[in-house]
Structures are given as C-alpha cells and as structure tokens.
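Paired with chain B in one complex and with chain C in the other, chain A is shared by the two complexes that follow.
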Partner chain A sequence: MNYTRQEMMAIAAGREIYAGEMAIFGVGLSMLAGHFAKRNHAFGIKDLTEGGVYGATPVGGLPWGIEDNRISANATSFTHCIDALGMMVASGRCDVGIIGAAQIDKYGNVNTTGLWEEPANPAYLPPKTRLSGSGGAPEITCSCKRYIIMAAHEKKRFVEKVDYISSPGYLSGGDARARYNFHGGGPALIVTTLGIMRPEPVTNEFILTGYYHSSSIEEIKENTGWDLKVAPDVQLVPEPSPRELENLRAVDQTGMLRKKG
Partner chain B sequence: MPNKLLSMQEAVAQYTWDGMQYAHGASLSVGPDSVAFGREMVRQGRKNLHVMSHCCGQQLNLLCAAGAVDRVETAFSGLEVYGFPYGLRRAVESGRTIVEDYSNLNFSLRLLAGAMNWPFCPAVSGYGSDQEWRSAFSPEEYPCDKKIPEVMDPFTGKTCHVLSPLKPDVAAIHVTMADPDGNAIMLGTEWNRYELSRAAKKVVLQADLIVDTACMRQYPNLVRIPDVVVDAVVYWPLGVWPQCSTGLYDSDEEHMYYMNNAMKTPEGFDEYKQKYIDSYHTIDEYLAVIGKGKINKLQDTATWHLMDPYRKWIMSSEEIVKLMDGR
Partner chain C sequence: MIEWTGLSPDEARQFLANKDKSKRDKRMSLKEAVQKFVKDGDNVGVGGFVNARQPVAIVHEIIRQGRKDLTLSFASAGLGPEYLAGAMALDESKNSIKRMEFAYFAHEAFGISPLLRYLTENNKVELEDWSNYDMSARLKAGSIGIPFIPCRSPLGSDMLKTNRAKVIDCPFTGRPIMLLPASHPNVAIIHVQEADIYGNCRTQGPMFTCPEMSMASAHTIITCDRLIEHDDMTRFPNRVTIPFFSVDAVIEVPFGAFPGNCNGLYYFDEKHTAEFRGACEKLRKGDPTPLQNYYDTYIFGVENTTELINKIPLSQIQYIQKIEPGIRLDAGYTVLG
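Then we have the complex of A and B:
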C-alpha cells in the first residue's frame, strides 16, 4: 500500500482518540490527526480549538491556523481563550489533546521555545534559534486527562534533555510532576514518523512500544538521542487500512502529509 | 457628542509614542489583528516599544524587523502553518529584542487580572517548566521566583502559582464592525480581545466596516466591546491583510510568505516598507496596493454567510467621510 510516514503517524495518533471524548487539537498536523479520527471512528467527539471554535470541521484542507477561516466556516459556537483553553482544558475537563514538538526528551518534556548554544547556562541569553513559543500546549500538557505528542522522528529532536521546557511532561521522571498539583495525568504516548513510545511505569521514561511496517527497531534507536529502551512486548503497528487512508486524505485535502517522507 | 472616528494617521499619531507599552491583536496568529495600525506605526517611526503581543502574527514580525521593539511579552510567536516569523527571529536571535514567554491561557489571565484590577491571579497550568524558571526580563536569576511565583493558598494551605496583571498603555484591537461611537462586533473567536479591551488604559479599534448603531441595538448580546471602553475608531477595510478576517476575507497565502521572507534582512524590510507601507496614504490607495483581483479572490471566503445578518447596516465610505468631516 502506498502511504507516507507522516500519514502513518497521523493515523497512529488518530487511533488513540475515542468516540465521545472531549478533545483539543493543536495547529498543523495535530489537527489533521484529530479530524481524521473524528471522521473515521471517534464519532461524537466534542472537539474544540483553544480559541473557542466549537463544532467545526475544516473545509478546503489544513487550516492555516486554529482561527483560520477554513475552520471558522461551519462552527456552532465561537467563544474565547479563557473559555476554551481555560474552562474546558485548564480546568481538567478535557479528555485528550494532541500537541507537536520541536524537541522532546525521554520524560516527555517538550520544547517549542528556542534552541541555545549553552542551554545549561544559568543566565538566560538570547537563543541561537527562536522557535514559536508554547502557545496553549502547556494548558494541554498540564491539564488534559491524557495527551499525545506527535513529531517527526529525528535524532536532533529526540534528545536526552530539552534546551527549555515549554510544556512539562514527567519533568525529571518518576513522580516529579506530582508536586505541581496539575489536573492532568501527563503524556500518554509519543507518536512519530517511525513508531510509538509510551512511559514505563514508575520511572515514566518513554520506551519503544510500537514500530511500523515502514520502519524498524534499529532505525528508531539510531534516530533517538537517548538510549531508547525497547518494551518486552513491542509490537508491529498495523498498517493504515484503505478506509483509514481514504478518511485521512479526505481531511488532508491539500496533501500536507504527502509532501515528503 | 462627537463620534470617535479618526483617520489611521491621526490615531497612530495621537495614541502611540516611543517607549510605550503597546498591545495589539489578542487574536491568534493568522487571525484578525490590527495589522494596518502596525504598518502605520512603522511609517511614523515608533521605537523602543514594549509590546504585549498575543499572538504576534505579521504585525509583531514587521515591528521587530523595523527595529522598533525592545521587549515583547507573548505566548506564541509563530505564524502557525505559515512558519516562523523571520523579522522577529532576526531581532530576538541578535539580542535586539527580548521575549518573555508565557502560556496562552496565562497571557489571557494576566489581561483578565489587569482588567479586574487584581493584584495577581492564580494559574492552574503553564508553570513547573522553564516558563516559570527562566525570565528574559531577569536573565541572571535562575531559577526565577518572581515571574510566576509560588504562594500559599490561604484556603487549602497548598502551594499555588500566581501571575502578574498586564495593563498596556494602549491596545489597538481589530474588530469586524464598529459603530461610530465604538460599539463593536467581532466575528470568529474573540480570543482575548474582550479582556484586552478592559485591561488597556486606552483602546483604539481598527474596523473592517462601520455600521449604524441600529445594528448594535439589534444584536446587543454580540457587542462584546461597548463604546464606554473605546477611545477611537479607525475605519480601515482589509486592515488585517495578509491575515484573515472571519466573515470577510481569507488569509493571502502568497503575501503571507512573501512578507515573511522580506523580513529576513534589513534590505528586504526596506523594500517591503517602500512597496507596502510608504506607497499609500488613503484607503483607496491601500486597496489599490493589494489589487482588485486579489481582493476579489480573498473575499471569496467560506465564512461569507456569517455577515448576512449585518449587511443592511453597513455604512458607505461617503457616509463615513461625512461623519468624520462633521466632527
């Protein structure tokens, strides 16, 4: 079957969204994965954007932003940040979210703020590369009951320690997160272009639990910047079904996921 | 009682100054922001700004590329699917502009705290991370305990993180339509424009359309910005371009990329300024710069139906000019 690694990633992430859930999807590929799920199997999900677009299905392809006209065209309600990101997400009410990441470490901490020459320097100097900032991802990571991190699997992205924690995962591992009284339980899984990782109980270190027909355990280990452990019951993730691909491509009308990979 | 209509040039001259705390947008990055107001600030050469920018979009990209910004407080500085803003990047990576980061909700809560005149506001997310421990405004302090400090919750005895209020000197807020007194309706999500309009000391509205007050009397529930918090109203159609204004026009894909690429270098910025800022003075000239063909294409939006209830109250440019002359 002919599909890209990005499409496999979006489908694998979408499979983790279930019918009837309240769900929030970030900008870009997360939104495609979420709306694929909504169309394919997660019927009756209550999805919203952090700006408060409710009940909408994108038209004409991937929206350019979470407040773009492509998603504002058929909403049932428009509200605002304190409502959607605050009362629905930060309050702990939202079941599941999907976020992206520029850098991810083994405890699922995410950096989308910047890259530094000397990240460990106690003085906060200008970044070598300014990224986009966190947006509403900290609300999703602190407060959604569970969430999915989606990212292209590259060694420079999957690092031992992120340069900056924009959105907290399990912090230094174990129960480090507990002292902050967050409403949310932490990252449930990381879905990449090569496979799936889930936290090991107790340590909360992410380990490999799934690989694709298009990848291998060796390839995933080679492209991970920490010594990635492999779960004893690691599984081969089923390929996209024809119906899944059809539904994904109906959402991804402009072919964002077919561009490369 | 005179109406609050002002020309763009007058509004920027009267309500902005060097070194001010300026807030814009409070919409999302490719959404309805007061981009035309930012263009006029660049034309008038404003500098040393402290910008409260949620979320930056092309306006902050442009102001940073112009070297006009010392400090930024933000939660998101990307252009969403359009990529990273190169003008902002250049300013931040060189150390010219420093950026203090918060989460999206915490930025909104800071505006709410400003609007409510609260001393501080509790946070339930966006701490326990470098957003708490790293401060661009206190760069030597690590871990920083001033930015999102921990206090004791007097009711439970548990620790609680708190945020400081934001009270910008002036906010330039884009709205879909305003009446001549400053009652405004926003189509699409309002993001933080409601809180910002109460947090700022002065508020200037940039409106795509001016409508008769009868429209507001028909839909008072939808008037989330009432005239009492508004100081001036600027009529500027297509004022969000190249970003989108819900109900009226889509984002201009070609110009979004073109503009951002121009911001990469000082030369690119100069050329952009000459072509797309210095080249117009009037609304008609501005629209001519965008081009009739392009405008028709952008107005072919899937959100057009959202405007249906309001069309009968839209005032013509002749009527607006008359109101402005009558002041």
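Then we have the complex of A and C:
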C-alpha cells in the first residue's frame, strides 16, 4: 500500500482518540489526526480549539490557523479564549488533546519556546533559535485527562533534556508531576513518523512500544537523542487500512501529509 | 511589589472611574486616533488571535507615525507584531518594541516568525513568556479590577523563570497555585467586522480575548470592516461583544485585517502573507532590501489601507473573499451611509 510516514503518524495518533470524547486540537498535524479520527471511528467527538471554536469540522481545505473560518464556519458555538481553555480545558472537562513539539525529552516535556546552545539558565540568554512560544499547549498538558504528542522523528528533536520546558510532561520523571495537582494525567503517548513511545510505569520515561512497517527498531533508536529503551512487548503497528487512508485523505484535502515521506 | 507594565491595577481603576463613558460619536481618522491614543512607551494590547482579525491597519498607521519603546501584550498573534518588528528592524530610531508579554508569536501553517527570531537572537527585545490561557486570564483580571488571578498552568514549566508569576500554596486547598499579575495595556488595538459610531462591536467567529483586552485597557481603538446603523447593532444585543463605553475611537477600514483572515469576510491572502514573511526571513538572514521595498510599497508608500488594497490585484481580493467559507454575518444590518 502506498502511504507516507506522515500519514502513518496521523493515523496512529488518530487511533488513540475515541468516540464521544471531548477533545482539543491544534492547527496542522494535530487537527488532521483529530478530524481523521472523528470521520473514521471516533463518532460523536466533541472537539474544540483554543481560539474559542466548539464543535466544528474543517471545510474548504486544511485551515491555515486554528481560528479561521475553515474551522469555524459550521461551529456549534463560539466563545472566548479564556472560556475555551478555562471552562473546557482547565476545568478538567477535556478528555484528550493533541499537541506538536519542536523538542521533546524522555519524560515527555515539550519545548516550543527556543533552542539554546547551553541549557543552563536559558531564560536570560538570547536563544540560538527562538521558536513560536507555547500557545495554548500548556493548558492541554496540565489539564486534559491525557494527551498525545506528535512530531517528526529526528535526533535533534528527541533529546535527553529539553532546553526549556514550555509544556510540562512528567517533568523530572517518576511522580514529579504529582506535586502540582494537575487534573491531567500527563502525556499518554508520543506518536512520530517512525513509531510510538509510551511512558514506563513508575519512572515515566518514554520507551518504544510500537514501530511501523516503514521503520525499524534500529532506525528509531538511531534517531532518538536518549538511550531509548524498547518495551519487551514492542509491537509492529498495523498499517493503515484502505478505509483509514480514504478517511484521512478526505480530511487532508490539500495533501499536506503526502508531500514528503 | 512588582514592576507594572502599562497601568498598575490601582492606576487602572482610578483611570476607568474617571473615564468619559458617554455614548458619543467616536468616528475619527485613523491618523488622529493613533496620534491621540498611542504614545511612545505604551503597553499596546494587540487584538485578534494569531492571524485572524489582526489589527493590521492600525499597526501600519503606528509604523507610519513611528512609535518607540512599545510593550506588546497578546495571547497569540502573528502579523501585528511582525509588522512592528519589521519597522524596528529597518529603522530602530523610528519604531521600536521594548518588550513583549505573550504566549505565541508565529504564523501557524505559514511558519515561525522570522523577526521574533531576529529580535530575540540579537537580544533587542525583552520577553515575558506566558501561555494563551495565562495572557487571557491576565487581561480578564485587568478587566474586572482584580490585581491577580490564580491559575494552574503551566506550573513546573520554565516560563516561571521569565515571567512575574508567583507560586503560593492556595489558602483554601493548601495546594500549589500560580498567581498571574493583571494586565492593563495603555491602549488596545482591535479590528472587528462591524461597529457602530459609538463603538459597539459585533464580531463574527470566536471572540478571542478582544472583549477582555478592551475592558482591561485604558483606551481602545476599533477599526471595522463596516460601520453599521446603531439600531441594527442593538437589534441583536447578544452579538455585541465589545460595548461602546470601553471604546475611544471607531474607524471604518475595509480590509483592515488584510492580509490576515477576517472571519466571514475574507480569508488569508496566502500569496501576500508568504511574500511579506519571505521578505522578513531575508532580513533575518542579512538582506534587508526586500523588506525595505515591501514597507516602501505597502506601508510608507500609501496613506491608508484603501491605497494598500489598490495595489493588490482585484482578482486576488476577489479570491480571498470567495474562499472564505461560511459567510454567516446573519444578524443583519444596514451599512451606514
């Protein structure tokens, strides 16, 4: 079957979204995976965006932004940012979110703020590369019951320790999150262009639990910046079914995921 | 005590108590509005969300007049701060941003902000990192006259090293909680689809943080795609998201959010946004000429947004109107003559 690694990633992430859930998606990959799920199997999903759109399905192509009319033309309701992220997410209502990441570490902490050459006290030095900033991802990582991180699998992206924690995952591992009284349980899984990682119970270090037909355990280990452990029951993730691909491509009208492998 | 940017909570309440709340005709030229309400050193609240309803026309006028040492406050924005950053990158003696308090400054699917990179990597601007919810909550606190607002996210993050939040044990639950200082910009700059002459605004699509921002700020400048009759506005009071008494100036500026998206009216001009962003990226990489040309053509070379739009091919304008899905300005209005 002919599909790209990006499509495999979107389908693998979408499979983790279930019918009837309240879900929050960001723009791009996250929205494609979420709306693929909504169309394919997660019927009755209650989805929202942080800009304040509740219950919409993209029309006219993939939106350039999570606030534009391609994702709000057929909404159930509109609200304020503070209500979307507050009443729906910070309140504890939201079941699941999907976020992206520029840098991810082995405890699932996400950096979307900037890259520094030296990790020490980064906040007070100009970054080597300044990134967008956190947006609404911190609310998702602190307050959604669980969330999925999606990212292209590259060594420079998957690091031992992120330069800056924009959106807290399991922090320093173990039960470090517990002290903050978050509603959210933390990152449930990381889905990449090469495979799937889940937290090891107790340490909460991410370990490899799934690889694709298009990748291998060796390739994944080589492209991960920490010494990635492999789960004893690591699985070969099923390939996209024709129906899954059809549904994904119906959502990915502009072919964003088919551009490169 | 912290150092307040913009107004302190006490100053803001004092100011708002004395503010003229009369229901008067607030139409004026954009030039006059910017002259009157945007000063050097001000904390400017940038309305919209990422590139939807960005107050591009107001920002262009600020750039033409030149303002220095601005602090920008917003949750998520793209074009507004990018244009100001570009003006600063081209001539710091005329326009400059001193500080930004924000969650996200980029262009979503178009890519990250070249000039946020340029300014921060060259240490030209002070940043205070927050999340979207944090910034919205800070403005909410400002709008209701409380000095801080408690919030959980993002406890445990490195943002706490750059921002003025304080973590305390909640006096009621005993659990850690983060306190965010209220935000009171000196002036909010907001673009909406429809307004009346008194400043009542009807927005299409999500409200973002515009109502809170307007209510938290000392002054608000509104540009609108259409000025409509007051009676039509108040036939649908639920749709009035910003009430007149927080507004100081109303200016009808069709395409005032161009090349960004204005929900229900026009979609992104993908070509123009990419052209502008591309010129910004070239400046970051050391070649300021394309950006200088862009500013000379579209900002300094014109008096206002109408003249800017005249430089865009009509076919492109028709296209962004055509592809904007779901025109649902269904509340109805008579355009003000």
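Here, the second predicted complex is superposed on the first by the 258 of 261 C-alpha atoms of A that agree within 3 Å, B and C clash if a C-alpha of one lies under 4 Å from a C-alpha of the other, contacts with A are read in each partner's own complex, and residues count from 1 in each chain.
The rule is simple: a contact is a pair of C-beta atoms (placed from the backbone, for glycine too) under 8 Å apart; a residue touches a chain by one contact, two chains touch by 3 or more.
Bear in mind the structure is a predicted one, so any value in this text is a computation, not a measurement.
Visitor: Using the superposition on chain A, tell me whether chain B and chain C clash or fit.
Guide: Verdict on chain A: clash between chain B and chain C.
Visitor: Looking at A:F182, would you say it contacts chain B, chain C, both, or neither? Reply first, second, both or neither.
Guide: A:F182: touches chain B and chain C.
Visitor: Return first, second, both or neither, reflecting whether A:K259 touches chain B, chain C, both chains, or no partner chain.
Guide: So A:K259 meets neither chain B nor chain C here.
Visitor: Figure out whether A:S91 sits in contact with chain B (first) or chain C (second), or with both, or with neither.
Guide: After superposing on A, A:S91 lies in contact with chain B but is clear of chain C.
Visitor: Would you mind listing the overlap between the chain B footprint and the chain C footprint on chain A?
Guide: Dual-contact residues (chain A): 27-28, 49-53, 59-60, 62-70, 72-74, 78-82, 84-86, 89-90, 113, 122-124, 126-139, 141-143, 164-168, 171, 177, 179-183.
Visitor: Which residues of chain B touch chain A once you look at their complex with the stated criterion?
Guide: Residues 27-32, 55, 74-82, 84, 88-89, 92-95, 98-99, 101-106, 108-109, 112, 124-131, 134-136, 139-140, 142, 158-159, 187-195, 244, 246, 250-251, 253, 256, 301-303, 306.
Visitor: Once bound in the complex, which stretches of chain C touch chain A?
Guide: The touching residues are 49-52, 75-76, 102-106, 108-110, 112-113, 116-117, 120-123, 129-134, 136-137, 140, 151-159, 161-162, 173, 175-176, 205-209, 211-212, 261, 263-264, 267-268, 270, 323-326, 328.
Visitor: Residues of chain A touching chain C in their complex?
Guide: 27-28, 49-53, 59-60, 62-70, 72-74, 78-82, 84-86, 89-90, 113-114, 121-124, 126-139, 141-143, 164-168, 171, 176-177, 179-183
Visitor: Can you check the complex and tell me which residues of chain A touch chain B?
Guide: The touching residues are 27-28, 49-53, 59-60, 62-70, 72-74, 78-82, 84-86, 89-91, 109, 113, 122-139, 141-143, 164-168, 171, 177, 179-183.
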